[in-house]
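Chains: A, B, C and D, in written order; residue numbering restarts at 1 for each.
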Amino acid sequence: MSSFDLSRRLVAEGLGTALLVATVVGSGIMAASLTADTALALLGNTLATGAILVVLITILGPISGAHFNPAVSLIFALSGSLPRRDLVGYVLAQLAGGMLGTIVAHLMFDHPVLEWSTKIRTGQAQWFAEWVATFGLVATILAGIRFEQKSVPWLVGLYITAAYWFTASTSFANPAVAVARSLTNTFSGIRPADLPGFICAELIGAVSALLLISWLLQPSKSLKSKRMI
Amino acid sequence: MSSFDLSRRLVAEGLGTALLVATVVGSGIMAASLTADTALALLGNTLATGAILVVLITILGPISGAHFNPAVSLIFALSGSLPRRDLVGYVLAQLAGGMLGTIVAHLMFDHPVLEWSTKIRTGQAQWFAEWVATFGLVATILAGIRFEQKSVPWLVGLYITAAYWFTASTSFANPAVAVARSLTNTFSGIRPADLPGFICAELIGAVSALLLISWLLQPSKSLKSKRMI
Amino acid sequence: MSSFDLSRRLVAEGLGTALLVATVVGSGIMAASLTADTALALLGNTLATGAILVVLITILGPISGAHFNPAVSLIFALSGSLPRRDLVGYVLAQLAGGMLGTIVAHLMFDHPVLEWSTKIRTGQAQWFAEWVATFGLVATILAGIRFEQKSVPWLVGLYITAAYWFTASTSFANPAVAVARSLTNTFSGIRPADLPGFICAELIGAVSALLLISWLLQPSKSLKSKRMI
Amino acid sequence: MSSFDLSRRLVAEGLGTALLVATVVGSGIMAASLTADTALALLGNTLATGAILVVLITILGPISGAHFNPAVSLIFALSGSLPRRDLVGYVLAQLAGGMLGTIVAHLMFDHPVLEWSTKIRTGQAQWFAEWVATFGLVATILAGIRFEQKSVPWLVGLYITAAYWFTASTSFANPAVAVARSLTNTFSGIRPADLPGFICAELIGAVSALLLISWLLQPSKSLKSKRMI
């Protein structure tokens, strides 16, 4: 359990989500302004996002757990790693932090403070992609914590690096980040009307991973009893 | 030895191979759809594949060994690390997982569920490249396990990152992944007729590495006996 | 505390800053000479800078602390990690090293030894970006040292990799490097007239991070006293 | 000291240099065949080379030290880490391995087995760049071994990643690799007539680093004696 009080843990969640969103949105604006090649823009976006995730989870994880993601907080609340009474606070801190992140990115790049995105991201294929993206993210986190806790920052950074490219939705995999990205009409935006589909897919993907991984991580009973003898 | 029962180990092999193939195929589709520059497309494909390998081997290795590759399972069966009675199960789980991975990638990108590839990959130079690719992969795994077991996920991810670029075949180095890639007519595909050449070259490359590395890793007898005194 | 005498520590700071600036300036020249795509040029610049930071902080950190940055030395002097009498020496070594780095890059690429940059980098958005960049850098360093000292070289390399893309100023975040970059009229340059705005923003960002992170890193009193019982 | 006999150590040096050169030459051919953008080609070349260096040094280092480089073997012979009687064997194994690497790359890509390069790489700026490149490489190795031996594979991989971009010569920094690259008329080649300038600059750079780093790494005498009390 964290030895930090709730106010610090909430600030850590908010600050981390803000820096994560500032990176996602900011690097998207930067990349799109420098090249006409969308693959290259996605590459800059990917590199920045993967790198900052390793940093933020390493430096804020010991304080708040470094969820930065309501789907992850939900899973931890369900599995008992996060006290259930803290869940609402965590989610609100993530939502507020995410919005702050979009504002910070916009101010750095001389954009309007906030704006609605007009980027269409909808349809069954996109929703399935978000399901896959969040399933993989939560599976990575749960199995990572079990087998190599110290590597989790790297595992998450690398997973998202891959998922930006292998999922058709570029892997939002995070309801708070999705909301924050609906407030920017730039490279990484998403139309507010498309949020419900994305967020539902993400939450179902997270719960699916919890179910499968909980089963997968149970050691064999016969082997356990043999070792007890 | 793994403390997980066979059903969990087979699910881990299948799930890992599925996510690996979904990444290879999915990132290839994404990259090719975003740019006309083939080097850039290969870069996106490489980054995603290398990153997901580190993740998957770290989180599934403690369960099944994280082979995701019949050539690797064969080597481990030959060298005694995998019980020989499990070999067929492992290979079937890898083949099924690979096929599932192609289906997942296709569904995310709104492609037909499965399709035959028409991409020609044949000829002596390509076969030699696959021999080199798999030789290097198996050498990396065997020597990595011996000297730095905890780094093996990174070593494999980095090796494949390099091999996507330095081998003329972009380093399939994996019969199950090759079969799965014959079922997608996209960036990463291979014509079914070209599978036998690739798979033969891969298996011979794997066995060649086992022979050379087994010799290379024997410590000097005179030095050993000196230390015993 | 370092077990190296002041002369070695100052040489380490100078050498490290020189190699850092040679990398920033040199890779900028290389990249801009090879491509017309600015995003691709920034990518080459980013990769080289992030990679060399990991190397330099790992190999010189045990000697001098590997600040290479007057804003970082200031924070360490304020927080008691650097003896205050050493601060001026560190900053002078960093400034001299930075200038040497620009000269080395210019000689390698057959440029004039030194030249004034004409690249305009000014305005509130740029200053805010430098504030963000340095805030994030110092937060990364302070929390990194607290929770995972051995990973600090990686954390700084990854943070700067991200910050090159997510901040509108491409994250100078370093007064000595800024001065050195005013002496090159190439990809990574900055007009000398724009230095004061950048340097002020960097110093304020560094102090802001010190204040916030000092608060954030205090463990809960009630939890501490509970554990004492 | 290695517990492997000389024949295994020489095979390790030869195999490692062969795979390193196959990667440098092969990824250069691949990259140049896929894109018209030279920066992108260098990026593919860089990624592959940096990644394979981490792998090869990790898996072969415990056998032979993983020099793959006559300049590095020379420094280790001078500083006493390599028995002087082994130096000639190491260098011959590296030269033979390098040549084999070029042949392997050519066979994979359907090129003539060997060919003379016509790529001009000469002049004072290039030689100075090679001096810088090898100085930095040897400094990285010597200080890395002293402070964080286990990270040396990563440090070398990251250093070369940076040096491909920040040195005007793209950092050969290795006489055996330079000779092997004179035998390919592709992206990574060098005209045989330009070898002497490169090799001299590399050897002088290596010795310069040995001298500076030997001085830099001496702990303060007063501090040492204080601790002894």
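Assorted remarks:
As a working rule, a residue touches a chain if its C-beta (ideal position, glycine included) is under 8 Å from a C-beta of that chain, and two chains touch if they have at least 3 such contacts.
Listed by chain with UniProt protein names: A, B, C, D = Glycerol uptake transporter protein, MIP family.
These numbers come from a predicted model, not from an experiment.
The set of chains touching chain A and also touching chain D is given as B, C. Think of chain C turning onto chain D: fitted on CA atoms, that turn is 90 degrees, to the nearest 5.
Taken over every residue number at the interface, the positions common to chain B and chain D amount to under half, indicating a different-residue contact.
Distance between chain centres (mean CA atoms), chain A to chain C: 28 Å. Distance between chain centres (mean CA atoms), chain B to chain C: 39 Å. The multi-chain contact residues of chain B, meaning those touching 2 or more other chains, are 37, 40, 43.
If the chains shown are joined wherever they touch, the resulting network closes on itself as one ring, and no chain has more or fewer than two partners. Looking at which chains touch one another, you get A-B, A-C, B-D, C-D. Contacts from chain C toward chain A in the complex involve residues 37-40, 42-43, 46, 50, 123, 125, 128-129, 132, 136, 139-140, 143-144, 147-148, 151, 154-155, 158-159, 161-169, 212, 215-220, 222-224, 227.
If you check the complex, the residues on chain C that touch chain D are 3-5, 8, 11-12, 15, 19, 22-27, 30-31, 34-35, 37, 40-41, 43-45, 47-49, 51-52, 54-55, 58-63, 104-105, 107-110, 157.
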